[in-house]
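A, B, C and D are the chain letters, set down in written order, and residue numbers restart from 1 in every chain.
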Amino acid sequence: MEDLQWKTGITKVEPNKILLRGYRLDELIGRISYGEAVYLTLKRELPRQNEGQMIEAILVSVIDHGATPPSSLAARTIASTGAELNAAVAGGILAISHYHGGAIEECMTVLHDAVNHQREKGTTVEEAAEWVVESYRNARKRISGYGHRLHTQDPRTGRLFELATQWGIARGFVNMARAIEQALKESSGKELPINADGAIAALLCEMDFAPSLADAFFMMARVPGLVAHIDEERTRQRPMRRIHPTDIEYDGPEERERE
Amino acid sequence: MEDLQWKTGITKVEPNKILLRGYRLDELIGRISYGEAVYLTLKRELPRQNEGQMIEAILVSVIDHGATPPSSLAARTIASTGAELNAAVAGGILAISHYHGGAIEECMTVLHDAVNHQREKGTTVEEAAEWVVESYRNARKRISGYGHRLHTQDPRTGRLFELATQWGIARGFVNMARAIEQALKESSGKELPINADGAIAALLCEMDFAPSLADAFFMMARVPGLVAHIDEERTRQRPMRRIHPTDIEYDGPEERERE
Amino acid sequence: MEDLQWKTGITKVEPNKILLRGYRLDELIGRISYGEAVYLTLKRELPRQNEGQMIEAILVSVIDHGATPPSSLAARTIASTGAELNAAVAGGILAISHYHGGAIEECMTVLHDAVNHQREKGTTVEEAAEWVVESYRNARKRISGYGHRLHTQDPRTGRLFELATQWGIARGFVNMARAIEQALKESSGKELPINADGAIAALLCEMDFAPSLADAFFMMARVPGLVAHIDEERTRQRPMRRIHPTDIEYDGPEERERE
Amino acid sequence: MEDLQWKTGITKVEPNKILLRGYRLDELIGRISYGEAVYLTLKRELPRQNEGQMIEAILVSVIDHGATPPSSLAARTIASTGAELNAAVAGGILAISHYHGGAIEECMTVLHDAVNHQREKGTTVEEAAEWVVESYRNARKRISGYGHRLHTQDPRTGRLFELATQWGIARGFVNMARAIEQALKESSGKELPINADGAIAALLCEMDFAPSLADAFFMMARVPGLVAHIDEERTRQRPMRRIHPTDIEYDGPEERERE
């Protein structure tokens, strides 16, 4: 037989002992948050500062966005055929792609381009922002992560950046994201405020995650939302109903404050 | 046109305002943990006690179990064909089914059967445990959540139950899970200790989650693990390699302590 | 290393030689139809009679049913996010489940129950049909494969049964399917004509396929339809559009005859 | 409500009447082959010549290639967890991507590049073939559709081209595919014969299918193979077994002739 042995550096599993990136999993349980565990799993090291809570804030910020996004509709459509949970969740995940969630990765690339330009050319943040807006316009490419079809001021962005500042995460990339927002406004004459995808992109850049992992954060965040939609579809609706994509009334609890 | 309007009680999305189960999402970000947000999304209310950190502990406990589980192998196999992240993660999710993760739901049913029997018949915990072990044996059905092909003492179980006791979560279902462990040992003459699936089942029962949502916790937990495997496959391996299911050497960090 | 060698009886692949169930694949190409190849792949033998063309007729009969079925909508929803073809087709396949396509398997079980009753009890076809309708009604179970929300006379059923008679495929199961149609009408007072799922169920029973493979025929048939919907979504629609599930106008060629 | 009405040109469904691209579906059943129906569904017109049987030959040629391709292994891995048929088939479909099946689309692009060059520059077929091999080498890109890790003479290629010639399908693209094979040999000094992907690419070009639909043919062809592997996994193997990717013995029928 050919030698097919291969190596992995993620988890070591031995009888009665599991090491995640070198740490005993049983000692991590209850001592680190899920956000810290996500960081450790994907970045190979425990976070040194507040990255764990930053990740939790990111995950909470996009945990659900109602029934109209394609991931919710795909999951509900599949659930309505009587399919099992794994099929319906997988269907929702498959709808997280270029135009839905994909903006995070694209915006990370824009931010990296701009910050690299700033460093290499020794420009100011504002000049680099103008340069990147200009070069995307010349290349007839859209700058992802700005503007929203519903929100003129995405309520998640301000809160995420406020926390990032407070927790010492916000540095060059958040500044650049803001400078690009300004440059876009000047260039286009329109308000194109940073949306949740853009805000998350800046924060993932700050924490030095690879752009190729960007969609993963959206998927991690959204699984509970998808499951809630699947559960509601199963329990409140009849199988095989016609699912209207926008004529949806919210009948959950009215706005309320935490106690 | 026929009236296709329908209702959802999960998330209300208005311009510049998002309500999750009635709470402003931007006010939740950074104030509640991901575990609390999962609870709110699926149970419609914020947790009153320590359920949020219990959920985080559960998610951390099964965030990864190495490269040999079918979900890891399915995700890697798909990633090795050059597929996009959504396809590879979806493939991993599709492998979370009856024999892989499904034990959580099945064990929840066993625990509910036993606790219902105890309440209805006014028996002791031990008598109810013996009854359920006996009735499953008579029906030639396996009691899921006990025993592990590798771990004789699953390192995750003890830690999860210890935290559940400390946090006031462990009550009747954890006791019943332990009593069934004892009854199984007496009935079979073999050690069949509670595994991570069984421990999670007991804790989800304590927090009053529906068994139909059990697999969802395993999926939420495992997405970061799947992504780490996909990322490692893409960066360390050549496309279309033959993926051996067990001849895998761990070459990550040696056992280490948190600082 | 443990011995992991395993066996398969489907295809033997050697350098420059591929055997499908023992036949040289290169000698089958162009000599047998796809329907015959499907039969060989799933049943291990080449068809002896007209089963190959019967399978082709079945596949053609459900190759597409417009944009409203959940499989079409799931595939289009995923395609509209910019996902790759494999993701969109997989999403469509995931929507083929109990209430969409699943009727074929359920109806096969009904037909087997009825024919077994007839044989074991020595009843007439009509008596067995009445018995099965009665026992399903007593068990409050629905008999799948009869009635359609749109078609009062499913145009596919008559044609499939006509061909099955002409090709010598129609025997006991087709008769039983017709007798159940009559018994349902007498029992319910309503017309519940055999639909395409029911017709295919009867024909798969005649060709002795296992009910566990029933959905597979629907999947094989529908892939081209799903691909046509995905292609149309990509080429005629903008990404992330809202996809109405019923307000759809057909603008393809008017009714026309083959030359 | 906003106007969400949209249009489709694939299938018109009315009570008791189904039109596929304008033709009554019930009149097509049994009169056209599955291959012709695939052509009609994807190309909007019935084939004028032998395209239907060419498609059937293509589908038969890649209906299965044993248990080692990633699509077979992904489908089996998911099936071994007890997942339903839709989940296991979808998992197999998800593994049909750039490095597995994707060569068909890439090779179609190469062939179009070469034939366009020939037409625009008025070169001979051989000169255009040399040009495309040269330009891919200069761009350090691989020409897909040539060479196979197992077959030095892919048994499917010769047969497909022979039929294509006989049926009047083979014209410029098949010639170009052969000329590129020759140019590759001269350029690299190695035999890199056209494999099944390359042969299918040439034939899809001859029939004027869009390269974006290339993977669809591989998916249509492979579903029966995937189902056979899933069925065999369920019936011959125990759940959750370790699936070795190459140590697989064929124990099906010995080589045999059609009667």
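We take it that a contact is a pair of C-beta atoms (placed from the backbone, for glycine too) under 8 Å apart; a residue touches a chain by one contact, two chains touch by 3 or more.
All figures in this text were calculated on a predicted structure; none of them were measured in a lab.
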>> So using the touch definition from the top, which pair is joined by more C-beta contacts, A-D or A-C?
In response: A-C
>> Going by average Cα coordinates, which chain is farthest removed from chain D?
In response: B
>> I'd like to verify one number: the distance from the centre of chain A to the centre of chain D, where each centre is the average of its C-alpha atoms, in whole angstrom.
In response: 36
> Cα centroid separation between chain A and chain B, in whole Å?
Replying inline: 23
> Just how far, in Å, is the C-alpha centre of chain C from the one of chain A?
Replying inline: 40
>> Show the residues in chain C shared as contacts by 2 or more other chains, in ascending order.
In response: 2, 4, 68, 83-84, 86-87, 90-91, 94-97, 242-247
>> Taking the touch rule as given, give the residues of chain C at its contact with chain B in the complex, in rising order.
In response: 1-2, 4, 83-84, 86-87, 90, 245-247
> Any idea which chain B residues touch chain A in the complex?
Replying inline: 2, 4-35, 37-38, 41-42, 44, 46, 53, 56-57, 59-61, 63-68, 84-87, 89-91, 93-97, 150-156, 158-160, 163, 210, 212-213, 215-216, 219-220, 223-225, 227-229, 231-232, 234, 236-237, 241-244, 247-258
> Given the complex with chain D, which residues does chain B contribute to the contact?
Replying inline: 68, 70-71, 73-74, 77-78, 80-84, 87-88, 90-91, 94-100, 102, 239-240, 242-246
